[in-house]
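Starting off with a structure, shown below.
In this document, chain identifiers A, B, C, D, E and F correspond to the written order of the chains, with residue numbering beginning at 1 in each.
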Amino acid sequence: MSVVGGNHRVEILLEALPYIREFRGKSVVIKYGGAAMEQADLKAQFALDVILLHLVGISPVIVHGGGPQIGALMKKLGKEPQFVGGMRVTDAETVEIVEMVLVGKINKEIVGLINHHGGRAVGLSGKDGDLLRAQKRLHRTASGEEIDIGLVGSVEHVNIEPIRLLEGQGFVPVIAPVGVGVRGETYNINADLVAGEVAAALGAEKLIHLTDVQGIKGTDGRLISTLSRKEAERLMQTGVIDGGMLPKVESALRALHGGTAKAHIIDGRVPHAILLELFTREGVGTEILL
Amino acid sequence: MSVVGGNHRVEILLEALPYIREFRGKSVVIKYGGAAMEQADLKAQFALDVILLHLVGISPVIVHGGGPQIGALMKKLGKEPQFVGGMRVTDAETVEIVEMVLVGKINKEIVGLINHHGGRAVGLSGKDGDLLRAQKRLHRTASGEEIDIGLVGSVEHVNIEPIRLLEGQGFVPVIAPVGVGVRGETYNINADLVAGEVAAALGAEKLIHLTDVQGIKGTDGRLISTLSRKEAERLMQTGVIDGGMLPKVESALRALHGGTAKAHIIDGRVPHAILLELFTREGVGTEILL
Amino acid sequence: MSVVGGNHRVEILLEALPYIREFRGKSVVIKYGGAAMEQADLKAQFALDVILLHLVGISPVIVHGGGPQIGALMKKLGKEPQFVGGMRVTDAETVEIVEMVLVGKINKEIVGLINHHGGRAVGLSGKDGDLLRAQKRLHRTASGEEIDIGLVGSVEHVNIEPIRLLEGQGFVPVIAPVGVGVRGETYNINADLVAGEVAAALGAEKLIHLTDVQGIKGTDGRLISTLSRKEAERLMQTGVIDGGMLPKVESALRALHGGTAKAHIIDGRVPHAILLELFTREGVGTEILL
Amino acid sequence: MSVVGGNHRVEILLEALPYIREFRGKSVVIKYGGAAMEQADLKAQFALDVILLHLVGISPVIVHGGGPQIGALMKKLGKEPQFVGGMRVTDAETVEIVEMVLVGKINKEIVGLINHHGGRAVGLSGKDGDLLRAQKRLHRTASGEEIDIGLVGSVEHVNIEPIRLLEGQGFVPVIAPVGVGVRGETYNINADLVAGEVAAALGAEKLIHLTDVQGIKGTDGRLISTLSRKEAERLMQTGVIDGGMLPKVESALRALHGGTAKAHIIDGRVPHAILLELFTREGVGTEILL
Amino acid sequence: MSVVGGNHRVEILLEALPYIREFRGKSVVIKYGGAAMEQADLKAQFALDVILLHLVGISPVIVHGGGPQIGALMKKLGKEPQFVGGMRVTDAETVEIVEMVLVGKINKEIVGLINHHGGRAVGLSGKDGDLLRAQKRLHRTASGEEIDIGLVGSVEHVNIEPIRLLEGQGFVPVIAPVGVGVRGETYNINADLVAGEVAAALGAEKLIHLTDVQGIKGTDGRLISTLSRKEAERLMQTGVIDGGMLPKVESALRALHGGTAKAHIIDGRVPHAILLELFTREGVGTEILL
Amino acid sequence: MSVVGGNHRVEILLEALPYIREFRGKSVVIKYGGAAMEQADLKAQFALDVILLHLVGISPVIVHGGGPQIGALMKKLGKEPQFVGGMRVTDAETVEIVEMVLVGKINKEIVGLINHHGGRAVGLSGKDGDLLRAQKRLHRTASGEEIDIGLVGSVEHVNIEPIRLLEGQGFVPVIAPVGVGVRGETYNINADLVAGEVAAALGAEKLIHLTDVQGIKGTDGRLISTLSRKEAERLMQTGVIDGGMLPKVESALRALHGGTAKAHIIDGRVPHAILLELFTREGVGTEILL
């Protein structure tokens, strides 16, 4: 490397300085999923991003999903996945498969990934230390009818003690979106919503959703950089925001309501999207503010 | 209850006093498995035992196995379990099933069980915080030949930091016997041996194996109450101790070598076998001493 | 012991579990006196009860009396005890005898008793660290006249710092009911009332009076299990509660007023009455609630 | 006061500065007895000395005796004190009187005295927290015969935990020389010897004996200012040091052996003898060094 | 020294006792200047006073000026000092000289002086840790006109963190009255006013101004011992307090407003004036109260 | 910025990751001087480098010189600088000028510079908390003669307590190379040597000299990248290293001897030379190893 090249490098390091200063000592909740969780190079880049955050004094908290892998195991076991309004109908056998895949496979892959790249991660299910207290969630159809879709839950209470314990000792918490009910029953919970609840409970500085799209697009099909809470709500009501984007925006609004300063919906297919968002002026994707 | 009955009760409470005093502030590693992990009433009794230990200031650390459940899922997935010398031949697909069942199903059931009865448990896989660093273990046949049985590992190093972190904050650690290699690969490890290594690494006061037999029996078929390390080694060499009892005794010797005061092989089919062992004069099963 | 017997024992241990959980980390003030302080077997049982409480994480604080022993020494010294309305007329010579007996004899016997059985107790007089600030108490006769009965005091202020210091380091505080006035003068204070004031100042979970009766009896002569504050006040006004029971009930009401959850008047002649009260469902004697 | 007078005063304050600096944060054990414990003005001066020490960051630990008062109560109770070789023959009844007077009367007077002048003192008997573990001490006559003189003890072990606990929280510990045996029995111990053992166990900076003489005198009847350990031993062997001075010098040697830097035998009849010794160049009485 | 002389000495030590008790653990801000900072004997006496305060648990905080030495260096450098309304006109070259003299010469002399006499001092400029945030101060003439007198500042904010850090570790902070503006520019600030601001920010117990006069004098030319805030304000309005006394009284009022209990203006030419004020009944100079 | 550009940026951020991990929690002593201390852009870059180090958990400790500025003030004051063997002849008047310039001007400029860019710096002279205990250093001529060159000192002892205090609270210590003798006298010390002594006393991870040359050059005039201690010593003896480079290499050897892992002599004229050295693979200048 020539000295000029080196100097160029440190200029870039220094550009990160104000961001490091701003986010230091704060929690950033990252909803991890999609391509970033499937492609080998993106996975490694994600791990490095998390480790860098941790080293410069920011506290990343990972929440992950796992839809495709759940479906794959169900198929292998000869069980046909069923969805109502985008939510998985979850009988007792299904919730067991969901838990095995999320907690015993995906969570462990992420923990291993971060540790293998030199970080220190510990996985948590919503059952560990009663982290995610859940209750049954019915599906409400367009016509207002409520349909029982089985062991699908919503977060009733986040017990942040195990998260704080791990953060305090320098471990990155990696959370699987499985909740536990008052009778000890297991609930399958939407990972996007868990991320929003965790961000709200922690009073996290940021909530970042890694997705497989560029961000939220307006009616003209162009990416929206910044969105106020009010505007986001309007776009949901008018159906501009719909489908899989709905729980992400709901989650963002929940986090903002709980004290999170900004929520981001960014493109996880872009290498190091997290660092780009956190440490450069331009940012990527859509940010939602109060 | 008559006053006489009450007084009888407190007499019994007071009998536990010297044992509480002796074990207070110390770790007791419990290998949990067999009937005690399968029958509903024994499971509830186990949870209460663990909680009582915890409340009187003893620090229980649970290590669990899961053989039958692993076999069940393999069968459902059309995979025939194969064993060589009692050890499961573990290909890449199998180790994934092993991990899902141990970490995503059994570990969570135990955590949920303890929490549901009023305790505070957090599950750990050997990957969490690099708890169980493992290396490949070959099978050595009677003729001395070494056979590759796949992703079966032995414990190279126990990183006790996550265990101590949880103990220090009043959580009961529940450990699944899955290890991680230097290249991030997953290993299936014998749970009995993990329990012995964890007890050794913690310098635990006791290691307790919950089994489905009364204890170790001599050549005359009678239960042996106390066994020295030397005697245990002799019984292994002469084949009196064999089969599934071998890893339990190996585990006990490993723990003793690492500083554990006593190892116990007790009958998990007896209700509250743990409390009987810890808090009454007679004890149950076989104890192995230095 | 047969296995069945053992199991019976652990069942009883487990019955204590919810109570241990409830009272853990909390202070329980015990007024110690009467037969429980005189008979050798009851004394040993009291010591074991206190030690067990301490071992399971409850913080016992002992307040003791000493009427009979004071009288005995006075007689030896040729001094005739005098009482007005149940209170000892206390001249300068008498208060010196009271202090010697309470602080130098009884307090030390109790401290020695607990330590000898394996506990860790430290005695405190009301003078130590200005624990019990007292003022002169006049006796008011039925006709409303106030009579000077000498150095008899009432508690003006409890300085809990020395108690908390001992509790925090794992010592059981044993308190003699001697107070100190603003001019440094010594006061003889009713031990029942001291116990109530100490419980109130500590915000103790429970106040337990060990007495030589079964509890409070109603007009029909039957034991009253539970009494509200209002009912207790009515029974005092109507004279159903009278004599030596009066200061115990006053003390209970004072403690409840200060934040104590429940006060108990129990039969100290029953072996292990404290454990029976704390760790069994039935309880013993009379409880007074807000 | 004229300004000149004031300035004179501060000059004197400043003379104390090097001594304060030297002794700050260190323990000074003071054996309190004789005239300083009997005359009202000397008592008040002693209290002020102790409080000043405490305020400037030195940690005074008081050990007191009580011979005359014990004799007085024995006489009142019609019991004739008996001495063998200067040691009180102590039967069961006598040891009870000794304990009541030392712990219940004298200790409390000293605690009250210090608190009344604005200090913070807490009294300790050797039974509190097993502070003074004792064993039976036989009297050895000049002819080498051993005579049983009853419950007279020597210190076997000083448990400094309660002393350190009080010092750490800013309380002055006041210790009564009563010990406890392994079977819980009470022992009367020579207060001079207790002071030496306590100084040794604490590794105190100084041990100061307040006596009713000027110090140790040589064969020529003149006060000896400084004495080495060797010289002190020689003076004991040649009988120049004898009688009541013997246990004081024994105590001094014990303290020096245990790490105390200097032991002092000073004249407690001189007002503020402690401050004179600690804070002025000249010192008073006799100092014994290694 | 005769014993009588010694006793006289300790009497004087004991007179300081109530003052030590009163001021222990509290901060006392001392504005150091004038003769006390110039004469060798007064300097040594000042150092001893500060060390004694520190040793008895009081926390002295020194603020110093340096007018004459600044003038001397300016003259050497051929720069004529200019004053407007008693304030130094401070151009860029002058502020550099001011800073060098205050921070690099006087501050270091004081730090060295205290350390040399056995204390532990650390110097701070207003730039260290942004201790004194300043803004430009214009001079307002009698006619109400505002004149720019250059880099003369007033305190906008005192950041007490560095002071508390030093106090907490047993160092005496010595502060030079140089402030820093938002653009990093250096300001010359009146040391009297800095002392008042620091006392207010610390909530100091006392503010002591060492001056070259006896104190504040009334219209009759007699020293005023005590002055209320209101009276002080009246004396300023009526011109009885004027000249160099004005910023001292302003500083005192600022400190009182910020929570300081008493401000003192005392005669630094009197040896040990600080100790006389703090530790004797009479006090010296003028005290100003709320 | 295009996404590609952003991604390039984060790649560079991530290159720093292994270095951040390696140096985290460790002290790096930086000798600051030359062009980097004179040119406005280099000064700002230095401040940013220091702040970035600090933000990523490394603890920078700055030692600065000030030769040119000292000479400038001396000239203004009409004093002719004199040098013997490269060392400034320092009379009493000169040492006062040295101290004023180093402590009151340069040190404050650096502190202000770092704070102004958003850091938290506190300056220390060697007098603060007796940081640099010094003794007189004579100049030894080639002929072995020792010449008195006045108040020039060498470091006898570094008291690291004030440095650790500041580091522990998140302040960057900035040290002026002025020492204090046992009689309180001021010494002018070579800043390079101070940096080496401070690095040794701290057991710093690295010592970095910012100079106005590329590094150490061999006999062939080419930059030497790495030098062992032995080689450095040989180059000094053979005169290849000479002049102003001598104290820098001496300082490096002193630091290595005291436990510092590596010493660097780098080119302070290169922008961000510190970050280039610490956070890129190539490094800059010459490194000296054990």
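We adopt the following convention: contacts are C-beta pairs under 8 Å (C-beta built on N, C-alpha and C of every residue); 3 or more make two chains touch, one makes a residue touch a chain.
Only a predicted model underlies this, so the values are computations on that prediction, with no experimental measurement involved.
Steps from chain B to chain E, taking the shortest chain of touch contacts, total 3. Counted as hops between touching chains, the shortest connection from chain B to chain D is 2.
Put simply, chain A has to spin 180° for its C-alpha atoms to lie on chain B, with the angle rounded to a multiple of 5.
Here the CA centre of chain B is 58 Å from the CA centre of chain F. Work out the mean CA point of chain B and of chain C, and you get 46 Å between them. Between the Cα centres of chain E and chain F there is a gap of 35 Å. Averaged C-alpha coordinates put the centre of chain A at 70 Å from the centre of chain D. Looking at chain C, no residue sits in touch with two or more other chains.
Taken as a contact graph, the chains are arranged in a single closed ring, with each chain touching exactly two others.
One closed ring of touching chains is present, and its order from chain A going to chain F first is A, F, E, D, C, B. Those residues of chain B lying in contact with chain A across their complex are 76-77, 96, 99-105, 107-108, 111-113, 115-116, 120-125, 127-130, 161-162, 165-166, 169, 171, 178, 180, 183-184, 186. Within the complex formed with chain B, the chain C residues making contact are 1, 3, 6-17, 20-21, 24, 48-49, 51-52, 55-57, 118, 270-272, 275-276, 279-282, 284.
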